[in-house]
Amino acid sequence: MNFASDNWAGVHPKIAENLTLHSSGFVAAYGASDLDKSVEKSFADIFECEVSVYFVATGTAANALSIASFNRPGGITFCHQSAHVAEDECGAVEYLTGGSRLSLVPGANGKMDVAALEKAIAKNPAAFVHGGQPMGITLTQVTEAGTIHSLDELRAVSAIAKANNLPLHMDGARFANALVSLGCTPAEMTWKSGIDILSFGGTKNGCWCAEAIVVFDKALDAQMPFLRKRAAQLFSKSRFIAAQFEAYFAEDLWLNNARHANAMATGLGNALAGSGLARLYGTPQANEVFAILNNNHIERLRGAGALFYDWHAPHDGSVRDEETMIRLVTSFATQQSEITNLIAALKTKSI
Amino acid sequence: MNFASDNWAGVHPKIAENLTLHSSGFVAAYGASDLDKSVEKSFADIFECEVSVYFVATGTAANALSIASFNRPGGITFCHQSAHVAEDECGAVEYLTGGSRLSLVPGANGKMDVAALEKAIAKNPAAFVHGGQPMGITLTQVTEAGTIHSLDELRAVSAIAKANNLPLHMDGARFANALVSLGCTPAEMTWKSGIDILSFGGTKNGCWCAEAIVVFDKALDAQMPFLRKRAAQLFSKSRFIAAQFEAYFAEDLWLNNARHANAMATGLGNALAGSGLARLYGTPQANEVFAILNNNHIERLRGAGALFYDWHAPHDGSVRDEETMIRLVTSFATQQSEITNLIAALKTKSI
Amino acid sequence: MNFASDNWAGVHPKIAENLTLHSSGFVAAYGASDLDKSVEKSFADIFECEVSVYFVATGTAANALSIASFNRPGGITFCHQSAHVAEDECGAVEYLTGGSRLSLVPGANGKMDVAALEKAIAKNPAAFVHGGQPMGITLTQVTEAGTIHSLDELRAVSAIAKANNLPLHMDGARFANALVSLGCTPAEMTWKSGIDILSFGGTKNGCWCAEAIVVFDKALDAQMPFLRKRAAQLFSKSRFIAAQFEAYFAEDLWLNNARHANAMATGLGNALAGSGLARLYGTPQANEVFAILNNNHIERLRGAGALFYDWHAPHDGSVRDEETMIRLVTSFATQQSEITNLIAALKTKSI
Amino acid sequence: MNFASDNWAGVHPKIAENLTLHSSGFVAAYGASDLDKSVEKSFADIFECEVSVYFVATGTAANALSIASFNRPGGITFCHQSAHVAEDECGAVEYLTGGSRLSLVPGANGKMDVAALEKAIAKNPAAFVHGGQPMGITLTQVTEAGTIHSLDELRAVSAIAKANNLPLHMDGARFANALVSLGCTPAEMTWKSGIDILSFGGTKNGCWCAEAIVVFDKALDAQMPFLRKRAAQLFSKSRFIAAQFEAYFAEDLWLNNARHANAMATGLGNALAGSGLARLYGTPQANEVFAILNNNHIERLRGAGALFYDWHAPHDGSVRDEETMIRLVTSFATQQSEITNLIAALKTKSI
């Protein structure tokens, strides 16, 4: 009953297999091998356009270096107030950009309110040197609240970005989960909706460690090889990332993994709601379920060995005294039996 | 005939196997799993003392964050003039420390001349604010010149470090190759010789990507968790590094890999010297051979498909006109047949 | 009728005189002259304790380097959401600390709400590496809202600082204005209330350019000479700052300047309120008046040549449609006649 | 007998006067006053072209922010091995660029050897990501060795800069001294010789604190307002710098000050050489004299109250045992009597 996070799961057997397959023989280091190049080509095929692809070690690296690609002195990047870059990356963006700032924009459901975004940008007009200067916007798909921007919502943000001449970055740590939920193409969810640069995550969806920066806007590409190398993010045996992505893309493994994870979340949500002992906070859109339970029930679940994290309660009164909001995450590896066991444990009074 | 670099090799089968073995099941992310902890314990056993261990993505990261652990404003770290941190890391040290500097110390055979080191340190006395302040020393074992510091040589540097109250870092990208060459214990080659913090590399010796910072001096340890996370170097599925190291240490695989690589270098060196068509530049001490060949012979080798890099000639007159110095690197994966073929190709006149 | 800012004023004649007095003769550069040392001694006398004093070019430098003295990787400094460091310094704190962050704490009247401050600190417990780590607190005295922390309010913040083992910095760009308003001693308003390091501003109160970092906590002092020099803030002809401070402190010029400025603000506030054409937003506590006027009246004042800035309206409904909040700043140089003229202009209907 | 440095001198009376003249009245802060604009216009007149002018607090700031204007990730700026930016600025360049590097180029007489410069640039071709990328060149006029680049020498460096598409910065801390020595125009010594951006120093030549970045290449200008503000180098009462420059330029004060200082150095050099008790190291070209004296004679001079610094001896054998090289600096304030007294003291045997 492990719903702690999708990064607690292992790797999909096909990815493990492919790593083994590529483990022997000499190939060029630092991303120059045929396999590296072939996988880069896969990205271009998937996104239906020319892209530059940079493997990095972590999603945090992908985010920070993407933002660094549009770095400016006194620069401000706009993000949701609970964005991963703001809350969970130990200041990597500020550090790896040498001190640029994040402006935290409020908004429901993990999405920036577009009026609040416009207001935040307008607060620092280009000529007001004291305030610094806007330099870009970053949004997260799937959001930290487990929700998904519709294509219209993405376009609303990118319209603001274009109007203010600001690059737009997408943190796609759970890119595949969002994609299969929307049922659109990768191109539609990115550059066709105005995304200029993307953190493409494979780790949470069945890889060991497979994160890539995908650059759509060539203006952001010029310095990226140096940004990555200088940040100590250029792997020598780069093929071990490429091999993961090769298997990840083959036979739609990435999409199937995401579909499975999402379906498990939907099933889990339904089961919890149907138990009468939990209320959902929002309908699961991807692979995360947010639920409100009585503290006794939470204790009971943990007593039975279930793993999940408490989540910060929203300030909308939906969580009562003696209740807690929890987050349950599913993944490619989640089994239906774990859900069944969880619900059973929830309903079982301790003796 | 691939002698380009030890990072062109793949991974040892036992490491590939162990990765597969650990690829399923849920475990705690971010280094908190039992496997992570067990591997950390292995480091303590190997080094015969309490150590803190931090997995990172690259040797560059290990070096830069090690140096960042003793960062000071206006700080200067002393290294050999051809050190990897100075020549091949795109300024990662300077960047990830927010602008500290490297002072390049001359010295033969890739080792800092101790008198020159003392002089360089003395140039910036603590009270002279304009010059900045010494903050540490870093040396490389195996050096960039393929040589190895004897224990006495290590102690000569650490004596200077202690006398000046400076932490001493070792870049051990080829740690195992040096260790088996010296025939001493890991403890003797590190903390017993005054090393305070170590970049411990496994990638070049048969892993995919297994680099660790090993901290001996607790004073350098306090901020390391934040230094690593902020630098986007904390893996979520950290066990994939741990699993590599587990296999690496099991049954002395790491030592055997290094012994093989070193033996291949010795054999290659002897064969080259014996061919009458190449002169060695120094006797191979680890897994690198530096040789001086007539340009025609180099062309002939490359024409036959051999891979290796030209190396910058020393300024001691040993490389004549129409000659070039080349570097040939062996690894755990180097086969005797490659050496045999190389020598054959060298001797075969083109038709 | 110039109420734009206290930094639009010139310098007090006694300060200009003293500069001229010290303009000839050779003295040691970089702060080593007798005058520098004598002025440093004055700071110790004024603060009734040993202090270290570092002249810097701007208040922004004093703030950023003070905060840099307690810099930590992934570090977070807590400040009021409208603090000068957050709004008006172009990211200098983030930049000069190499990427530390400011956490914006809400609170009425320009002062952090202490409960909100505690909550913000608690959000990032030391063990949660992903969030980073609290590293210090900064407050502003006089605040950006023109208000003054009472000694009790200062102590409430410093109690939180001590409880969390966090250094406490005071941005004292208008230190003297606050001091004479509270009627306490410099010691009481600083270290006796738990302040560890202070930006002491003279520029806004009659100097050309006289800003100093005053360090009370020796632990924050060790690296400051290097922090300042590296940030290009060490003046060679340092005596030109010292000479300003010498005159500033002589015969209580600094206190008298501040008393004059504050009295002018009180008088201006009373005159505006008495005009029946403006409402004050808060009672002036130092040298700033915040007033709400009908837009027509504001236009009238500007038409008559009055200078002042619009201010962002509070979100408490106090500013109605067709009204604007403005800020009027007085200084040592403000004349009663300017106030009289302003009120006259306000009452004069355009023809 | 004070020959310690030109920054030990005070300020010229006309500059002190002009400061007093501008000390009253309200004017716009942050460089927006009429005086600021008028002085900026003077720079354009002096340099016979459109320029952007940014006042900063120190020469170190001018150098570091100039170099920051062409900052690139993994960037390398080439300078002479004894350049002020390399030796005497506590790493400000590296810090304020967030970690770019200086490549130290050898060369006689404080000037980069052009062949060595070309070789250093060639060492890091654009495509070699590991080494980083060249980003600019900086030279010093007057050099740290007291010498002056001829226009031909400047053009030789700028030809290399252009050929490699690198911006060229001049550290002109002693700009006026060089200018009057060459007898050319400011335009000839800068943009007409390929200089793209200049640190223009007034402090050492009779001002309190008057340093400016002068930008010739508009491409380097775009981000400078933010670079300066973020680095805490934007003065609020900016007119106090403008007032100094106004007087500095009026009636050729700056040129006359420099001519006086240079003449004093020539006279001092001749007097020392003529004493038979000192050998000059190079003929004085600006306002610095380098002389080699017997240690007893140096002691004698210091015993008589003379002030000057020991200088690091060149490695060319010109300084014998029991001798030391010293540096003596003259300035606008140096009197002939000081020279006379120095020579007298040198010749006077202690009793």
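Just so it is clear, A, B, C and D label the chains in written order, and each chain counts residues from 1 on its own.
The definition used in the following text is that a contact is a pair of C-beta atoms (placed from the backbone, for glycine too) under 8 Å apart; a residue touches a chain by one contact, two chains touch by 3 or more.
Note that this is a predicted model, so its numbers are computed, not measured.
Of all chains, the one whose CA centroid is most distant from that of chain C is B.
Once the centre of each chain is set as its mean CA position, chain A and chain B turn out to be 34 Å apart. Each chain gets a centre from the mean of its Cα atoms; for chain A and chain C, those two points are 41 Å apart. If you average the Cα atoms of chain A and of chain D, the two centres end up 51 Å apart. Among the residues of chain C, those in touch with two or more other chains are 73-74, 89-91, 95-96, 98-99, 129-130, 132, 226, 229-230, 234. The touch graph of these protein chains is complete, with an edge between every pair of chains. The residues of chain D lying in touch with chain C in their complex are 2, 4-5, 7-11, 13, 15-17, 19-20, 22-29, 56-61, 64-65, 89-92, 95-96, 98, 203-204, 208-209, 226, 229-237, 240, 307, 333.
Partner chain A is touched in their complex by these residues of chain D: 30, 68, 72-74, 98-99, 129-130, 132-133, 223, 225-227, 229-230, 234.
On chain C, the positions that touch chain A within their shared complex are 73-76, 87-91, 94-101, 104, 129-132.
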